[in-house]
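The two complexes that follow have subunit A in common; it is paired with subunit B in the first and with subunit C in the second.
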Partner chain A sequence: MLKFLRQAKDYAQEAVQAARYIGQGLAVTFDHMQRRPITVQYPYEKLIPSERWRGRIHFEFDKCISCEVCVRVCPINLPVVDWEYNKEVKKKELKHYSIDFGVCIFCGNCVEYCPTNCLSMTEEYEMAVYDRHELNYDGVALGRLPYKVTADPMVTPLRELAYLPAGVLDPHNLPPGSTRAGQQPEEIVAQHQAQKPSKEINQ
Partner chain B sequence: MVEETPPTVKPKKEKAPAREDKPFGEFLEQDFFPALKAAFNHRGISDLTLTLVDRPVLGSSVPCPQVVGTWASWQFNLYFPDRDLQGRRAFSCQHLGMGVNTLEPFLIDERKITLDLMVFGVMQRLNGQKWFNGN
Partner chain C sequence: MNPGIDLQASVIHVLTDLGVPEDLAPVLWVPLPLLLMLAAATVGVLVAVWLERKVSAAAQQRVGPEYIGPLGILAPVADGLKLIFKEDVIPAKADPLLFTLGPAIVVIPVFLSYLVVPFGQKMVITDLGIGIFFWIALASVVPIGLLMAGYASNNKYALLGGLRAAAQSISYEIPLALAVLAIVMMSNSLSTIDIVQQQSGYGILGWNLWRQPVGLVIFWVAALAECERLPFDLPEAEEELVAGYQTEYTGMKFGLFYLGSYVNLILSSLLFAVLYLGGWESPVSVSWLVGLVGVPENTPWVEVITASLGVVMTLFKAYLLLFLAILLRWTVPRVRIDQLLDLGWKFLLPVSLVNLLATAALKLAFPVAFGG
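For the complex of A and B:
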């Protein structure tokens, strides 16, 4: 009899535990139930890409040393680096550099490994063309300054969900000066520095 | 019989001061401009005009010494805000008569600027712009 009761108790406990785990797993799903769709009126309103957005690659001609590291780290050896050794100054003379964004997968390896930081990611993501060969950007096109959502006077920039104040779901008509939920990086640094001296005293 | 002078007696010839040590304007006028013109001639362009002007960069009120080079319908500018080759340098290029839109660094990774490097830098940059021959 006692054994049966213990079994029943264990079963009930495990059932409760399982229900709790399922609830935990679905918490994010349930969180979405209170979110309503937000419409971004696209050509007039655009979302601001997040900090580590990997958009079109920017290329600075002056910094390139034609080392071809970008080609080596590219999964498909995509960048084209055309250079010739200049015997007079004993330097490689870069003649042509191009990346075909119709083929690029925006993995960012070239940007990561470029030894002179001459490649960088921009937040430009609108690269619609009529002919896919127009996406083959040469050094001149790669060197153009990127389009910025926040710098376009015709566009209302909207923040993504992660950059909205706590509890706010609609990026429209935010009060000026509202910051995203959580601490700002400079606040974290200030807090860290405030804690430092007390730790040193304890040591 | 010619008497040979022992090598120790002969005073060591003083190394001529480098061209790059000349005063800024003098170096540009006497060395850089002819060298760049020769490099352009080598490419078959003879109508290059080079001038050194003191003009503020757009958006600033401080006059900035700059080399303005023009030929056909092209123009390029080299900026030396410190009035020194080894100081800060910038580059811009545009269609003749159009405004400058991007200021780029010029030979930013070089430790020491020499005449050859400057000519090399300008020629490489303009060739990269596809201004000498088509794409």
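For the complex of A and C:
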């Protein structure tokens, strides 16, 4: 009899616990309703890519010394460097350069290792095409700069979540004052600006 | 208790004044509330679908439909129009008769149940003596249609979905009926009008909410299961069964299922409001307020205001419950089929039986508070 009563008590406690958990869950869902929507109305609004965004690669033809470091550091040896040795000036002469962005994984190794900084990352990410061969960019296409989101009159630029003012997108149930790992972009900017004046004095 | 506005008598009166013979006038009246209810139920579904999409969006920090009409209010209309104009496909090896009959059998009983939903003292299509029982009886017709649709589709997912729907409906009808029975015992009547009557007079304090807290939870869980709403949407669980019994349906036949599920949800919310939240009663008793102002209760303008307040109150309560259902949808994960049957047979059934017995005991012990 006692055993049965204990079982009944445990069962009732479990039921109450389950109901409380559902209540907590409902509170969380309800809390979400008053938060700012994260929607970006895409063609009309666009996020401003962060400063370390790895987008389509930009290439400056004239800076290239055809050293092929980009090919060697590329995980799949992707960049095609077509050069010819010019005996008179004893230099390699670049004829064609191309990267196929249908295959590129945007790791940024080539940009990192390029000795003359002729490769760089742009913030372009809209690379939808009707044929995959259109993604094979030659030297001319690689030299084009993307249109900046902030400069486009048709587009409302939006800041990314981490760049919004403090407190706008606070998560729930975290110890007060906790932030994401690493420095916030505005902290980096503040540090940078604090260092600047001292440098200028030295010069 | 003031009977309130009597639309039937007024309309018949107007008709006879216009020269319609006295025998014909009541016949002309008959289709009016039916058509009104049909239209109201359909519009109610549009509102419910819009609410579902907007509240779901808000719960997930999205915006939801925005450009189709102001605040996307025409999105459900666009959905409906699309379904109407879509090609009606019957799979080659399906049973055409059962395949067509299925959705109809699912939808018709749900719409018929609106016969007993009261919006005011006289604002109900028929004040059936067996009111709430009529709803429970009709609700048990629905799984037959679902099973029919699932079987006729000639598709394993559809069949599984239909079987699950039948099992679920049958399991949850019993706790549902027992929860309703406790209310019926307190009201001494199956009529929805009488059930609301019995809760009236004390504003929010008189509602069955306080006398039947356990029954309320049981009713809500069972009603969600009957409507196949999200914690219990196993019959159409898309991760396992594609779309359950709806898998092979397109066009208006699918539209009927879609319509039926939302009409059913609104119906359950309305009946929840009637059974537990005092139906058309306001949280503060209107007759008491009117008495406070000192206007006689049968003044025409007071009657009109009371009647419209009653309709607004009923709808407000129903949509509040709908909101709760949507919130639950994004809070609670789907249960497994064994958990579902476990909850139905091993938890809700015994608890609702105990609730019924406790209500009976309380009714004998405190006949004043529990409708002796």
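Throughout what follows, the second predicted complex is superposed on the first by the 131 of 203 C-alpha atoms of A that agree within 3 Å, B and C clash if a C-alpha of one lies under 4 Å from a C-alpha of the other, contacts with A are read in each partner's own complex, and residues count from 1 in each chain.
The working rule: a residue touches a chain if its C-beta (ideal position, glycine included) is under 8 Å from a C-beta of that chain, and two chains touch if they have at least 3 such contacts.
Predicted model only: the values in this text are computed from it and were never measured.
Novice: When the two structures are overlaid on chain A, which partner does A:L26 contact: first (subunit B), second (subunit C), both, or neither?
Specialist: second
Novice: According to the stated criteria, A:F61 is in contact with first (subunit B), second (subunit C), both, or neither; which is it?
Specialist: Only subunit B is touched by A:F61; subunit C is not.
Novice: In the superposed arrangement, which partner chain does A:A190 touch: subunit B (first), subunit C (second), both, or neither?
Specialist: neither
Novice: If you count the residues of subunit A that each partner touches, which comes out higher, subunit B or subunit C?
Specialist: So, of the two partners, B touches more residues of subunit A.
Novice: Where does A:A15 make contact in the superposed view: on subunit B (first), on subunit C (second), on both, or on neither?
Specialist: The second partner, subunit C, only.
Novice: Does subunit B (first) or subunit C (second) touch A:L94, or do both, or does neither?
Specialist: first
Novice: So, does A:V103 touch the first partner subunit B, the second partner subunit C, both, or neither?
Specialist: Touch partners of A:V103: none, neither subunit B nor subunit C.
Novice: Just to be sure I read the superposition right, which of the two partners does A:V129 touch: subunit B = first, subunit C = second, or both, or neither?
Specialist: In the superposition, A:V129 contacts neither subunit B nor subunit C.
Novice: Tell me the contact category for A:A151 with respect to subunit B and subunit C: first, second, both or neither.
Specialist: After superposition on chain A, A:A151 lies in contact with neither partner.
Novice: Of all residues in subunit A, which touch subunit C in the complex?
Specialist: Within the complex, subunit A touches subunit C at residues 15, 22, 25-26, 28-30, 32-33, 35-39, 41.
Novice: Any idea which subunit A residues touch subunit B in the complex?
Specialist: The touching residues are 60-63, 65, 86, 88-89, 91, 93-97, 116, 138-140, 143-145.
Novice: Along subunit C, where are the residues that touch subunit A in the complex?
Specialist: Listed in rising order, the residues of subunit C that touch subunit A are 55, 57-63, 66, 327-328, 330-332, 347.
Novice: Help me check something: in the complex, which residues belonging to subunit B touch subunit A?
Specialist: 91, 101-102, 104-109, 116-117, 120-121, 123-125, 127-130, 135
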